[in-house]
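Okay, so chain A shows up in both of these, paired with chain B first and chain C after.
And now, the complex of A and B:
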């Protein structure tokens, strides 16, 4: 293991109560984030990656509910905290970047008000100091004319500008770790690249650790130190970014990488799709949830749920993992 | 913004002209003013003088023109019933109705807005459920039933408040007010509450629905994710979003209060415009009815205009670029 983890998630399970029954949305997921590290969390929609992020700061919306698990931030157990204590963690110790800049800013309050309210909640600052910091943050996220931006209402800004404000809002109380839930998904491709550059720059400046939730392997490859792959509510592989891309051990990870468009060397693009679709939480097959789509599935895959085991430098949950591929 | 303002004012004027025309047609086609106004033994000279005074010898459109001009100069015509100037009759009754509307709006704001917020923020508590249940009564029971019930309980049984009239009033120039005396306040509570009951229900339900909807929005979740306190999240971040439709409602309702206080005023024998209107209907006093119609239309339109022009103060998205 590495040094003392900043964030430690152990055996986290999340259920969806529906008509008295609990559907497991996330099943026994454990991972660590080291100080200053960027952990990429990838998976398809519905794999459980976003609820895992929301569960860390107790932001699940009923009927979703954390059913088990321990969450510790520098040893402080977030899962045992009262709502009052949790308010001091949110924003102050754990920042959260929301997905859709069009809906995540309050439409009737000015940018400056939202920024200053957030800082005032967590930092002891006078009003002129607050104003100065707000101006400073607008500049740091790369927006021109900060005085004007602070007075502006969200609708006066473009999608990319709003996402920069969302990032400033998440970072302005200087959290120890930031959870970014699909921070680029709702943006134009050209803006996406700018946003990633900005996040990388701010990450370097502040040294804040980050959990980057995305379905885009390209984003992960650019940003993350390590990658966790989610499938149907389970963590199925976690490894350093380099190892994961070079030698994925879980067939699903390999399929995911294969499904990313890559130049085929003859001027075209090659995409190999994984056949079938991820099962919903209400229709999980027994055994390994991936076996119906898996080219390597064998009889035991249909009955045994594979545990996460150490494989080489990473961990994977597969009974018949792919052999390690070394750099040729 | 300025263009928008001018446009809306012109619209208002146009609608008022249409209302005036309808009212004017009422006056000029219903009944015989000469028969009503002149004594049976009037001379021809008196008769001709009245015809000239009422402009009855002129073509219709010209009469409409002088009717509108007269209104603009404060000449509202003569009542068939009392032969008084209609303007003076309305001016005498106006303070009672305006004060009634004002106090009932006050009651609505003081009671219904906090109740609506409570029901929206904590919809599942016992108090919220009780408020919702009681508020159904505000919609389903007709105004006069509520008024009579209130009289039965608070005037007849408990004897706390008078059942009719305005109490002692004080003259302030042309305005008579009951809001400066204890008996005036005692007298206004029951009718104002009766008048408020309907819109209180609306405000409570409107705020509740709006708040519950806003409470589920992404920006509220994001505000929570930033650690803002629940108080701030609800009372600053959510309320501002829920307020716009509620203010619209309240504005429209204020128009309604003034326009349709007729029933409440008659239950409480309140000496306002509503009871004047009722008396006029009973004695077919067409000019008063017509002027009342125009007056109510004007109040309604002006309040709507004011409400609409206040939107940008609440929601910056509605600010039009002035450039």
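And now, the complex of A and C:
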């Protein structure tokens, strides 16, 4: 179906060590990202979407630990690399953007120094060329007065300006893929749209693939080519963005879309709640983790963990999936 | 006597701006931050008034002024009828509940403080409230830490209802919650609203949420109320450029039309608002007049709008 994937994640499991036991934070997750593709990863807090992103770049912090799985970037096994080798992959081959720009920026170094250091480490450029490229990146992310910005410290910039610099830092070493974890969540709606617009523009220019992790369905509807939905540590549905929103097959995906307040087509607004709450990893029910909240649950859902299977154009992990809805 | 309405009259709130001993020595007066600037509106009995705006627009400061937690620098709040019993629900269900108290004591506290029930009936009333917000009376013996974010927000709502408020202020009550839990709390609030007919002020940055919850909506920008109209009018026929741009800026769930509509620029420093109209630095339709004269609040039927121009919806379509 897909040509050689750029990023391939196979049977990835992540455990949380607590009092000698391993709690499954992420359970047997597999997905691919094609070259130049934007894969949206959605789910509620605690669903495992952020740890999956952190595991790809080997940034899991104990007590979190990868317990199984293979991660390959163009066939190179990231999961077998030494910390030293991974250090060279991060930034150079895989860029990252986090929610809080201050975690990605060094508060005591000027913006110019941080951009130049990143490019010097990964691109082996001369210092005059470095300066030119740094100026170029500041302009490309839409900031006025690039010479002044290069001399500024992070705290002298506004939140929106800082997030633009974080995007420049993630892309300046020309990575093959960027992991963006809630890149616009801390921003106001007017600035969020600016940042998404910028990410889309740079994505078109550079062709860099992206894993876009967010809890905001609106963001993936506008940005992603395909969407992966996580629930209680498992990948429960993955499909093209259009198919996922028009015809969700997993009842949780449908529930998540229905829970977002939206116009009902008759001049009013509607919101349909999913009863209950997502279980914590220390209290997972047997069978399908969604069955206690699921309107379609039957007896077998309480005992069988549904595998991810091909359904129409996508894949879903559900024993009683919703029928395919044809476009109205 | 019952509460007939709430009138917010020309309320302003400035933080700082008073010279301390050091500034007096130097003969300086600090500028001060005008978080709320001359805001007026009324809430009628049984009405839900929504206030939307981005961070720094002054909506939460205004909520605290109306709730009596902050003194206004100018203007006043008048309650028609009686001085109301007022309760507030805040955004963060983790810091707004006392972790050393059991849930039934947290909920009983307003009942005991205001002596709303005889002693023997308090426990029964607490159990009733827990059920009303979708929790079990048996949950009363637990501590807040035993509950998830959504359940804690239910406890906050039960505590607010325990005070039998005639006026309820909700400040971002669902912003810290995941979407499936947010939907539960919004439905709970809508249900309580229709059963109890509460007069309330609902503050949020989320436009879909305010459209769902409010009868009328006020839009704030940089401390000012820039538009106020019925929820339907605000969303189907916005008159202020900021309202229109803000509605378009939030990405909807349509995967086919993927156009993004960012608002250019960033929020100006609230301690140095632009001359004239505060929105003019980001407004695609700004004219020379907008830099010179602050637009007055204009009335148009039941709508108020703070803009010099009468822009029709067509001329307000966002340039690509």
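Here are some notes:
Everything below uses one rule, namely that the second predicted complex is superposed on the first by the 324 of 328 C-alpha atoms of A that agree within 3 Å, B and C clash if a C-alpha of one lies under 4 Å from a C-alpha of the other, contacts with A are read in each partner's own complex, and residues count from 1 in each chain.
The working rule: a residue touches a chain if its C-beta (ideal position, glycine included) is under 8 Å from a C-beta of that chain, and two chains touch if they have at least 3 such contacts.
Note that the structure is predicted; figures quoted are calculated from it, not measured.
In the three-chain model built by superposing on chain A, chain B fits alongside chain C with no clash.
Residue contacts after overlaying the shared chain place A:253 against neither chain B nor chain C.
In the superposition on chain A, A:173 makes contact with chain B only, not with chain C. In the superposition on chain A, contact of A:110 is made with chain B only, not with chain C.
Shared-chain residue A:163: touches no atom of chain B or chain C. By the touch criterion defined above, A:214 reaches neither chain B nor chain C. For chain A, the partner with contacts to more residues, out of chain B and chain C, is C. In the superposition on chain A, contact of A:100 is made with chain B only, not with chain C.
By the touch criterion defined above, A:271 reaches chain C but does not reach chain B. Residue contacts after overlaying the shared chain place A:192 against chain C, while chain B stays out of touching range. Think of it this way: put the two complexes on top of each other by chain A, and the tightest Cα contact between chain B and chain C is 9 Å. Touching of chain A by both chain B and chain C, each in its own complex, is seen for no residue at all.
By the touch rule above, chain A contacts chain B in their complex via residues 57, 59, 61, 87-92, 95-96, 98, 100, 103-110, 114, 117-118, 121-122, 153, 155, 166, 169-170, 173.
On the chain B side of its complex with chain A, the touching residues are 216-230, 232, 236-237, 240-241, 314-317, 319.
Residues 44-45, 158, 160-161, 188-194, 196-197, 200, 215-219, 221-223, 241-242, 244-246, 255-262, 267, 269-275, 277-278 of chain A are the ones that touch chain C when the two sit in their complex. Listing the residues of chain C that touch chain A in their complex gives 54-55, 148, 150-151, 178-184, 186-187, 205-209, 211-212, 232, 236, 245-246, 249-256, 258, 260-264, 266-267, 282.
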